[in-house]
Amino acid sequence: MAGNGTNGQQYVGTRTIRPDGADKVTGRARFGADYNLAGQLIGKVLRSPHPHARIVSIDTSKAEALPGVKAVITRDDFADMPSEFIPAGEMMMNYKDVTRNVMAREKALYEGHAVAAVAATSAVIAKKALKLIDVTYDVLPHVIDVVEAMQPGAPILHDDLFTVGVEPKPDRPSNVAKRVEISQGDIDAGFKRADVIVEREFKTAPVHQGYIEPHAVLATVSEDGSAEVWVSTQGHYIVRAHCARLLGMDIGKIRVNAAEIGGGFGGKTVVYLEPLALALSRKAKRPVKMVMSREEVFKASGPTSGAVVKVKMGATKDGKFVAGWAELKYQAGAFQGSPVQPGVMCAYAPYEIEHVKVVGYDVVSNRPKVAAYRAPGAPISEYAVESVVDEIAKKLGIDPIQLRMMNAAHEGTKAAYGPKFGPLGLEETLNSIKKTEHWNTPLRKWQGRGVASGFWFNIGGETCVSLTVNEDGTVSLMAGTPDIGGLRASLAAVAADELGIPYDKVRPIIGDTGSLGFNFLTGGSRSAFSGSMAIVEAAKQIKSELCARAAKLWEMKPDEIEYAGGHVKPKVASEKVTPMSLVDFAKVAGKTGGPIGGVGRINAQGAGPSLGTHLVDLEVDPETGRVTILRYTVAQDAGKALHPAYVEGQFQGGAVQGIGWALNEEYIYGADGKLQNAGFLDYRMPVASDVPKIDAIVVEVANPRHPYGVRGVGETPIVPPLGAIANAMENATGIRFTELPMSPPKVLKALKEKYGAGGAGR
Amino acid sequence: MRYEAPESVQGAVALLAAANGDARVLAGGTDLLVQMRADVVEPELIVDIKRIRETRAVTQENGGWRIGAAVTGAELKEHAPLKQAWPGVVEAANLIGSTQVQGRATLGGNLCNGSPAADSVPALIAAGAVAKLAGPHGQRDLPVEDVMLGPRTLALRPGEFVVSFLLPPRPPRSADAYLRFIPRTEMDIAVVGAGVSIAVDGAGTITAARVSLGAVAPRVLLVAEAAQAIIGSRLDDAAQERLAAAARAACRPIDDKRGTTEFRVDVAGVLARRAALIAMDRARTR
Amino acid sequence: MARVVLVGNLTQLTGGVAEFDLSATSVRQLFRQLADLHPEIAPHLEEGVAVAIDGQIYQDALLEPIGADSEVFILPQIAGGSLEDVP
Amino acid sequence: MAKHHVEAIVNGDPVEFLCETEETLLDVLRDTLHLTGSKEGCSSGDCGACSVTLDGRLVCSCLVLGCEVGGRTIETIEGMAKGETLHPLQQRFLEHAALQCGICTPGFLVASKALLERNPNPTETEIRYWLAGNLCRCTGYDKIITAVQDAAGAMRKG
């Protein structure tokens, strides 16, 4: 397609040094908590110690009287909102829930739910003030588990929550917010055609995104009602939209600056501290800085759902999948909105299956409201399906890669969720894996090998970037999507190639909400995909403007002039005119009509799904149940890798997050409904010595809808690991583990039951 | 909150005795600071013992080794003669937390934090280490297994603190080992810990042994039955099984976020056996 | 006529009817025609769905053209970075 | 009570500051000395983002009290590059894309430097265990390990 740089692809596809790199390795880069303003106050949040309690009264008078305390806020400082879904940015939000999640109203719905907040002249005083706030709770019975929450007689979180999506409409409230379903073909007929049917129930624990930087914000509200915010977020325009709505402010009055962000993975797409800091600042008339502790991050920001998933799949004896059924029960946390819908749609998406029916339930319980986590919902349902696929392969005696290949979705396949796919790279990833030395290496006793594939949609969405040609011909690139994993390197490479100028002559920055039009957030694997599209658009404007001005300078027609190789020149070389570089043109910009620049404003469409296949070797200690990951290979379709090193990094990072999810990460609750492992010590994310090198194979099946062929890559890598590791565990032990995490006590128990102590019977 | 860093044992004792129990001793701080941050403890006075010479030294004493209570794990690891004599103790100290934590964490702090899961404590107990305590009424020696009475409960009297530990002389053909179980490779609190110290005769028969288990009871256990199970043996399969059975029988663990009762009991047997095999191997080659 | 297929819960708003043949030439026309047939679905269309035209998914693309023989699926919004969607 | 008056050496420069007893070295570095390169990820010594060296010894600055460091020498990420020249580790981290979000990077660099000062030729396993106290959630550690190995090689060659 067009694009592809007037100078060819000199930088796209190469491993350039990231433009923000020097600041990141010297400590100069400013993350959320690194911003300070003169006169700032420190804000802290009082959180509910109870998982479920009616808030009878809140007395803040003693806290307010403490010297140094400048503002105290509670539910009374936020307007109530009706229950309706309205757009916020691109998203649909129910602000009745949002306002209650940032500050408890009638009830505290989980341990750690914000109940009040203070701003004081120091952290020590703010902490002291929290202890002086008297909250009278009427403690209510709580429910944590998703299945228990669905039972009749379970404690009800919301009296006005009636299950949507069931007929007849329920006449009493429940914890089931909605039932969703996709189906095609005739599922019963499909199973009648099957020679082999496997049915299994799976359980997964809630896991946290685990970004290393806790949520942090600095906000200041002026006497005239205008506000400025510095915040670690995946979407500063979304922060602006939410805060404006919650605080009754005009969107244009709030300027939000995206700080460098220390990881998000979906967890920084919503607001927690931001509206509180603004409300405190508005009240105190001083800047307010708020930073969560790690314990607060675990207790009060979104993990993803734990779930119970039933899968039933049928295949013919020659290995053709004919029917896929599943039932998904996803925890939403205290407010509705689990990722069960994408879980339903993704469950069978990697495969061509005629008869599919998947039903999902979105279930509230007394846990923190879930937030997006990398391919939200998909890892859970695809783990269950990939486990069953492996079992079918074993029953049929077909190689698991071969079985997947026989059923792989490809261009023209009708997706399990409806429409036909364009070009897809699943078969290519399977082939790449099969060709690795890894796949062909022998294993020893108690070692196992597993393979699994994964699918994620990817999205585009509203995107605005600007390219400004400076007086010396260097180019300022401004994007409006926070750069979490090297975005600026990719975008600068695209801009340099589009304009045919050196990479280091492009300086990319992330603009604030006042400097560019609306940008949807960094998420859905969209920022490099959409941003590069918008840059192509902005560069096109610059090139056409240059040609138009050159036409006037050279007294030629614009269509006789082109921009190529970094120069404006006549299409047919002429002795009368000398081609002008961008640098040459920058010098005369003022004399030829003023500054030169382009703004790409698009709603990017055409995001192509990215599919991946993971291969893992592991070893089980039969005496302790401990699992060691020995070797790991990822192959994934990137469409086109703008920056191969950062694409590989996404693959590797996602794989290791998946390893954590599969083996040791989980939210552990006591009978009292309180989280017992709200810290990195007992919430066991993989450390460097837990994992081997992760081989990354970048497959490139171009996305025809993108000028460079790009597909988003950030989310798919976390989808296959759970299934791949479970399949490797089966291969190592002969046991099909159906509950995550596969932590040592569970593994040892299963081994003992099957083989006796120490695996002696194997 | 007051902070004092006395330079003598007497100075520290005087501060602690005057504080009426509202003081905390600061050695490496890797537990204390975390607890202060989480508001678990809010002492009036912090007595930093790191400026006291006796707490910071590793010295030979009557053929054994005296280790200051505030010597860090990283320093122990770099002490080649000590590592040669008591590899299990040094290994255990080096399992406490990360490299960064190693730069601060101490044997004294690990013991006095009062956790049954402390990594260095089973190794010290297996080694037969004796703690030297200083208090208002002078100094006294107490075997490490008698220092901790239960979770967060110590046998220390008001005003007392641990100054140092004495590891006994190492006879020929003797060695120790420590193993712990954690789900990850690093950065976890022991789900089970096992320290074993063994001496063998010229024929390879075990003449003396001490076995200690951590994280399987309210306090770290010295399991005499487990030692008896292997003394007189060459740690053949039957002896290993007797050892494992005795270790399992001694466990009185809880079910918690770090492991189930059943798991801890099973793994205690496994680790006791594996640690004994390592200690045996080392002892034979000396 | 374009073939229009509703996916998932949307059929509950059309009395169970999942497939339509409509003469729409843009997404906006398609939404209007569907809303005329089944008023209950109207509030969900403009903000809460994605549209797949001949296999290609569009979100918030009211002006996207629809061919005479196009196959159009109306899907739940694919949020990606966030979880919020209509019930 | 009155604040502690502390004098120390930070990145080769003499500094003096006042702090409360409960303030950690990390608090002092970030809030008082405005050296925000050391990051606060957990306040419990579990993430390593606040790694510094104290008299040459690698520690978590969140587990050291500010009042403890009188007369001592502290090195932070801000002291790693010499003038305009990045340390070989910093350079290799950039070349190998060993960072994504970058929040853990200062801690990894300080910890890696401490490793190579003790062991100029570490194995992959030694690097992984040395760095086990530095959490990274983005990279899966792969490129970090490669960057450290490569920097070690370059530094051995001088």
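Think of it as A, B, C and D in the order they're written, each chain with its own count starting at 1.
FYI, a residue touches a chain if its C-beta (ideal position, glycine included) is under 8 Å from a C-beta of that chain, and two chains touch if they have at least 3 such contacts.
From a predicted model like this one, the values you see are computed outputs, not experimental measurements.
Among the remaining chains, C is positioned farthest from subunit D, on the basis of C-alpha centroids.
A comparison of C-alpha centroids places A closest to the centre of the full protein. Each chain gets one centre point, the mean of its Cα atoms, and the points for subunit C and subunit D are 54 Å apart. Subunit A and subunit B have CA centres that are 44 Å apart.
Subunit A and subunit D have CA centres that are 29 Å apart. The set of subunit A residues touching two or more other chains comprises 680-681, 686-687, 689-690. Each of the following residues of subunit D touches two or more other chains: 20, 22, 43-44, 46, 129, 131-134.
Shown for subunit B are the residues in touch with two or more other chains, namely 38, 185-187. Across the complex, subunit D meets subunit B through its residues 1, 4, 20-22, 24, 43-46, 48, 51, 54, 57-60, 62-65, 67-68, 111, 114-115, 129-134. Listed in rising order, the residues of subunit A touching subunit D in the complex are 15, 17-18, 20-22, 24-31, 33-34, 124, 209-214, 260-265, 291, 293-294, 484-486, 643, 645-646, 648-650, 652-657, 679-681, 685-691, 693-694, 696.
Residues 20, 22, 30, 35-44, 46-47, 49, 76-78, 80-81, 86, 90, 93-97, 99-106, 109, 124-125, 127-129, 131-145 of subunit D touch subunit A in their complex.
Interface residues of subunit A facing subunit C in the complex, by the touch rule stated above, are 85, 87-88, 90-94, 164-165, 167, 177-182, 234-235, 238, 266, 269-270, 336-339, 341-342, 344-345, 370-372, 376, 417-422, 457-462, 520-526, 603, 605-607, 705, 715.
Against subunit B, in their complex, subunit A makes its touches with residues 295, 623-626, 663-664, 668, 676-677, 680-682, 684, 686-687, 689-690, 743-745, 748-749, 752, 757-758.
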